[in-house]
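Next come two complexes built around chain A: one with chain B, the other with chain C.
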Partner chain A sequence: MQFLTWLIKRLGFVILTLVAMSMLIFLLVEVMPGDVAQTVLGQSATPESVAALRESMGLDDPLPVRYGRWAGGFIQGDLGESLYMRGVQINTIFWRKVGHSVILALTALLFYVPLSIFFGVLAGVKAGKLTDSIISFFGLATMALPEFVSGILLITLFSVKLSILPITSVIPIGQSLWGNLHILILPALSITFVMFGYVSRMQRSSMVTVMNSDYIRAATLKGMPRGYVIFRHALRNALLPTITIIGMNMGWLFGGLIVVETLFGFPGLGSLTLSAIKTRDIPLIEACVLFITAIFVFSTFLTDMLYVYLNPRIRFKGGDA
Partner chain B sequence: MKDFLTMLKRSPAAIIGISILLLWILIAIFGPSISPYTYTAMDMENQMTAPGQGGHLLGTDSLGRDVLTRIMYGSRTILTIALMTSLFSSIAGIIIGFSAGYFGGNIDTIFLRVMDIVMAIPPLVLSMVVLGILGDSSILSLTIIVSIAYTPATARVARGALLSCKGFEYVDAARIRGENHLYIMFVEILPNTIGPVLVEITARFAYSIMMIASLGFLGVGLQPPTPDWGMMVIENKSIIREAPWTVLYPSLAIASLVIAISLFSDFVNKVMVNDK
Partner chain C sequence: MTNDFVLQIKNLSVSYRTLNDAVSAVRNINLNVGKKESLGIIGESGCGKSTLSYALMDYLPSNGSSTGEVLFRGENLLTKTQKEMMAFRGNRIAMVYQNPYSSLNPSLTIGYQLDEVTMFHRGYKAKKARKASVEALADLYIGDPAGVARRYPHQVSGGMQQRICIAMALLCRPDLIILDEPTTALDVTTEVVILDIIGELKEKYDMSMIYISHDIGVINKVSDRIAVMYRGEVVEVGDQRTIFKHPEHPYTRALINCMPRAGVVKEEVRLNTIPGYVARRSAADTGCPFVDRCEKRNADCEAKYGMIERASGHFAACDRAYAEDVPDRKRAALKIPKVGNGSAKEEILLEISDLYKYYGNQHRRVRALDGVSVSLEKNSVLGVVGESGCGKSTMGHTISGLMAPTKGKILFDGIDISISWKQRTPEVLRDIQLIFQNPGRSLNPSFTLEKIIGRPMKKLLGIQSREERKKRIVDILQKVDLGEEYLYRKATQLSGGEKQRAAVARAFSIAPDLIVCDEPTSALDVSVQASVLNLLGDLQNESGAAYIFISHDLNVINYISDYIMVMYLGRICEYGRKDEVVGPPYHPYTQALLSAVPDVDPSLIREPVRLEGSPPNPTRKITGCPFAGRCHRKIGPICDTTPPPKVQASDDHYIMCHLPLDQLGDAELDKPGNLTKTESLMKTVKA
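Showing the complex of A and B:
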């Protein structure tokens, strides 16, 4: 039962965070200078038409009323109407772009998780040797690069020099992403560059700790083959902090997508967010930012749960959770 | 200080990092006055010339502007803004984080909850939303907004550093002497947390460079014609096949500067925190 109480408490906090988040985002965007109605109609609009539009959009209502209307719509799955593209429901464009971004994020995960775990383990096992120094330096360097810099390096190599992958990752009109999967490779690799550093460094240091522990020494002294000790005994325990880092970075990943998608012109949530900001499309900005933060909050929550589930040292009494 | 130099001798990575950083600082100070061009001067006879031709060491962009000159001017703004944001966010973080950790109780709980919420918006997203809506990014607005976006993170570090010192006798001694809270926090405790604080400032410096470059790249940073490294990359991306140098050199400038600062920060971390 203790696990259930813990779960409910955590879920309550997640919901509380999301509510506070939504208020913060709403305030941030609505309080900013600039008249929305004026923006929509352009500088040449008469004061009368601006006032009429304000009236029809309900912009003159007090702030709490507007927040209530917005949040109420959000809970019912209504993201509102775009300001820049008049008459377009945000729902009709938003989820397709989110889908694209999720596919891109999953492709990146598929690339960087095995790569960074493999090289992290290798560096950890060879700690202090040349292999370790090279992997560690490479991790530090790639982690330090903004996504668009590693992206430019990849484009220069694969698109300009070798001409094997496209410079931009746009989906031709009338086609779907599924027929153009090769456009995912370079954006996903750019994300891999950044994430590789974080994950492999974490994997290395937890591997070093585990390899120096008594039970690994005992297993080695018993004469077990080294590969068996590393993969059957050490890796299982050394993976825990790595999984945490991967989960915690999911929110980060979606923030980083903005830069990557802009570089490659990929039609996802990130480039949608940027164009919403550039066109001052307030309802769309609110939807995008709230969605990005929701992903962060939920992935942190799921990571906590996974950690509890995987860590044998955390056990709740009275249940087998 | 002597300790610092001996350790430096044994760390080639740190020497490389510090040298590159110093080189960039020198370029930022003297570069623009050495260059025969200004950052807006358009050489109409030499548009998109390759590096080394027509008197342009790193070539020109589609408007015939000298890439090297624009990179040198760009180093000024990015170094200035990044240095200021890392300092301001660290100072703000120390004030907020110290107060929360020092007074504890409800103040601390509220602090932690608020920081959890603010930190759920990635700093890049927060900065670009505010800068984008404000519409007019200057050195000042960039500095203020990025500093604010980073403060929750620095405040958490500062709070942690203070908590590790809180229980010591010298703090109690100062309290019994009747010193006020401000004195205890900033005169007694602060000097003892200088290690983690310095590590945070140098790491923040590297993050700030990444952030400023990314904001410039997204078009919500400094506005044209001010040369900005990130902006140079996105401006010229469409001609990457014809004139790759217009994109590659600003990217390499960002890469070398951020990696140099990271190597430096890694070294500060080793000296100040790990080996004590």
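Showing the complex of A and C:
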């Protein structure tokens, strides 16, 4: 029962955060310099036509009314109309791009999570030995490289030298992502580069702590084989902090996609956000930023759930003797 | 080769490589453990006793290495690979550790952790393994063993966790069980029951046992033979009585005399102390390990140093324990010139009335203090004793102002101080000082002692001149046996005992009227504890400050206090003059505590009162007697429903119990209707 109240509380908190963030985003965009109607109509428009457009867009209504209209639309799934591409419903382009980004993020996750956990655990078990030093060095080195540097390195190697992968990750007109999955590899790899060092170091240090704990010593002195001790006794406890880190970085991952997607020309949320900012397409900016925020909030929430599930000390709190 | 020994340790040495040199943790140990024999190993921290136990299991950190032989039934374990060792560990040799909570994996159920032992060593299938596990738990008198098996370690009490660890060790019926301080983290009344069970199961399964502890009393209870370790060496080994009655080695004798024990009080005896502390030993260091602290040292003693059989089965490295060429140091009792000699009462310094402290929220309210009233005279020591969770520390904290009480009044010299320190006047802050259990944490590590002790002098006494302060600091440092050279040392450069001395010096430097000592010696080794206790006694006597001395150790409380207050679950059970509290008539809980304290002298060991269960949940509202859930003298429903009356046994001796005074004596323990040993053991603990 306690778990349920906890869950409801957390969910309430998630919604509250989202509402607060949406207000903040709305306000921020509000204070951005420049008049929307003027932007839309161009510098040569007459004051009358600007005024008329303002009127028809409802820009003269008081702030709360405009926020209510905007947020209400969001809740009903209406993201509004693009300013830059007049007459285009944001919905029609937005979700396709989000889908692309989600697939890219998941691919990256699929690459770096097993890799960094595996090598992190290995380094932790072999702490102080040569294996550990090599892994730690590699992790540090990749962590120090920004995405665009590692991306360019990857492009040079795989596209230019070996020519096995395309330089850009553009989807040819008229085709879908599913037919062009290989374009995911390079962007996903360059994200992996950034995340690997971070996550594997985390995994290593928690593994070292766990391996030095009393209960691992106790398990070993119970005569359990080493591999069993590592996988059954150590891993689960050592994964907890790593899971938190991975979850917390989900939001960051989506934000970080901007650089990678731009570099590779990948048609996802990142490049959409960037072009929206460039063209001052306010409704689109709002949709993109709010969506990234939502991912942040939900991934943190899911992380907490998973953490609670894996950690009986939290799961059963209050039910003790 | 077959013989009667289960374990033979031959010339075992263990050393650790460090950056600069090799540290010798264990050296040249020769010990045998016979069939069904119980060998106790005693020593202070850093003597190598734990290292020894891990060396026996061939389990050393990567910078450690061992030489010599460990023969287990004739097979040398030190030449086995880690893989080969798996067949011994947990199967034929099992271990139990000091801290049960951290020795159990927090994310696996208790049953899982038990089952895997038989599944690996015996090849049992899951069902059969669980059956064996449940039986093992039942062996340890755990109620509802099947239910407990489904729980996680954090869902059961500390005493229960240790029972589970012992059950785990016994699953494969090992030939040898090694117990490394298994009861040190537990309360005394829990300890008694665990020690009982260990003894019983050892008989039942014909095991040999190595029991490691720093506590002479505990070792006494459980061992047939005792080995005394000092700085990595066994300095003396012999059967239990010989070691206590006729020790040959000066260290053994000194160690035994350091322990506060029943009947030893500050008015009569000064505790023996061993000067200095246990220093780390490098591999190059040879000769007598005790030489820098030994009182009995003379010109040629070291030449004769060496392990020799002094009497049949009694080996000692030195036989000068009672050597007369170096006379024993005089151990004068504290002169206690109590003003007023009992007739005229001292003035009241502190008066606590109806004090309550609650933690938590409405759903989970912990009643740490549940209506405590007591007063303290000037120039006297009030000992507060009880097990963990009884509220004794909370009481100290409310008096010293670390937290404000929920309800109730604390009058200090007529001033109401039931507020936190932030609201107190500078005079009150100066007049009440606090000494903590862990001196390391209360001293800023980057400050020199001059600064640490000087700060309160400047702030609270308003001494602005640095020279003046320095003079006073040197003065006080000398009083706590730290020389002038300590003035510029930093806290990190001090040993545990020196840190506590520095903390004492700081507390006394501003001449307070009241010092709250919260377990000030619990983290120290016995030899160091003795010197700090002596020091606290001396300073109290000299300065006339009053103490509230909080401890879980009844022997320590008995040594230092004038008055004793026994607490249970946030309430007072008994209060009175020291001699009256430790003698009959006593509250049933006091009686249980007294009987549970392991005594140093084997001939004084009493049949302890065994309490069932562990202290109940402090969040429960108590309507009757707080002790009713575990009381061995419980009368009936009245104990559960009606708060016991405060019965005045003498001038200032009060007992909170429904039983009439004349039934609260010693003899009552043997009357029919009271629990006998087996009966109380059969009363299994519920989780």
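In this text, the second predicted complex is superposed on the first by the 311 of 321 C-alpha atoms of A that agree within 3 Å, B and C clash if a C-alpha of one lies under 4 Å from a C-alpha of the other, contacts with A are read in each partner's own complex, and residues count from 1 in each chain.
Simple rule for what comes next: a contact is a pair of C-beta atoms (placed from the backbone, for glycine too) under 8 Å apart; a residue touches a chain by one contact, two chains touch by 3 or more.
Computed from a prediction, not measured in an experiment: that's the story for all the values here.
Once the two complexes are laid over each other on the shared chain, residue contacts for A:Ala144 go to chain B alone; chain C is not touched.
Of the two partner chains, chain C is the only one that A:Arg236 touches; chain B does not reach it.
Of the two partner chains placed by superposition, only chain C is touched by A:Gly128; chain B is not. When the two structures are aligned on the shared chain, A:Phe291 is found in touch with neither chain B nor chain C. In the superposed model, A:Lys222 lies in contact with chain C only, and not with chain B. Looking at the shared chain after the overlay, A:Tyr112 reaches neither chain B nor chain C. Shared contact residues of chain A, touching chain B in one structure and chain C in the other, are absent.
By the touch criterion given at the top, residues 128, 213-215, 217-226, 228, 232-233, 236-237, 310-313, 316, 318-321 of chain A touch chain C in their complex. Those residues of chain C that touch chain A in the complex are listed here as 57, 59, 62, 82-83, 85-91, 94-95, 97, 99, 102-108, 113, 116-117, 120-121, 152, 154-157, 160, 165, 168, 364, 686-687. Touching chain A in their complex are the following residues of chain B: 13, 116-118, 120-122, 124-125, 128-130, 132-135, 206, 210, 213-214, 217-220, 230, 233-234, 237, 240-241, 244, 247-248, 251, 254-255, 258-259, 261-263, 266. Within the complex formed with chain B, the residues of chain A that make contact are 17, 20-21, 24-25, 28-29, 32-34, 137, 140-141, 143-149, 152-153, 155-156, 159-160, 167, 251-252, 254-256, 258-259, 262-263, 273-274, 277-278, 280, 285, 289, 292-293, 296-297.
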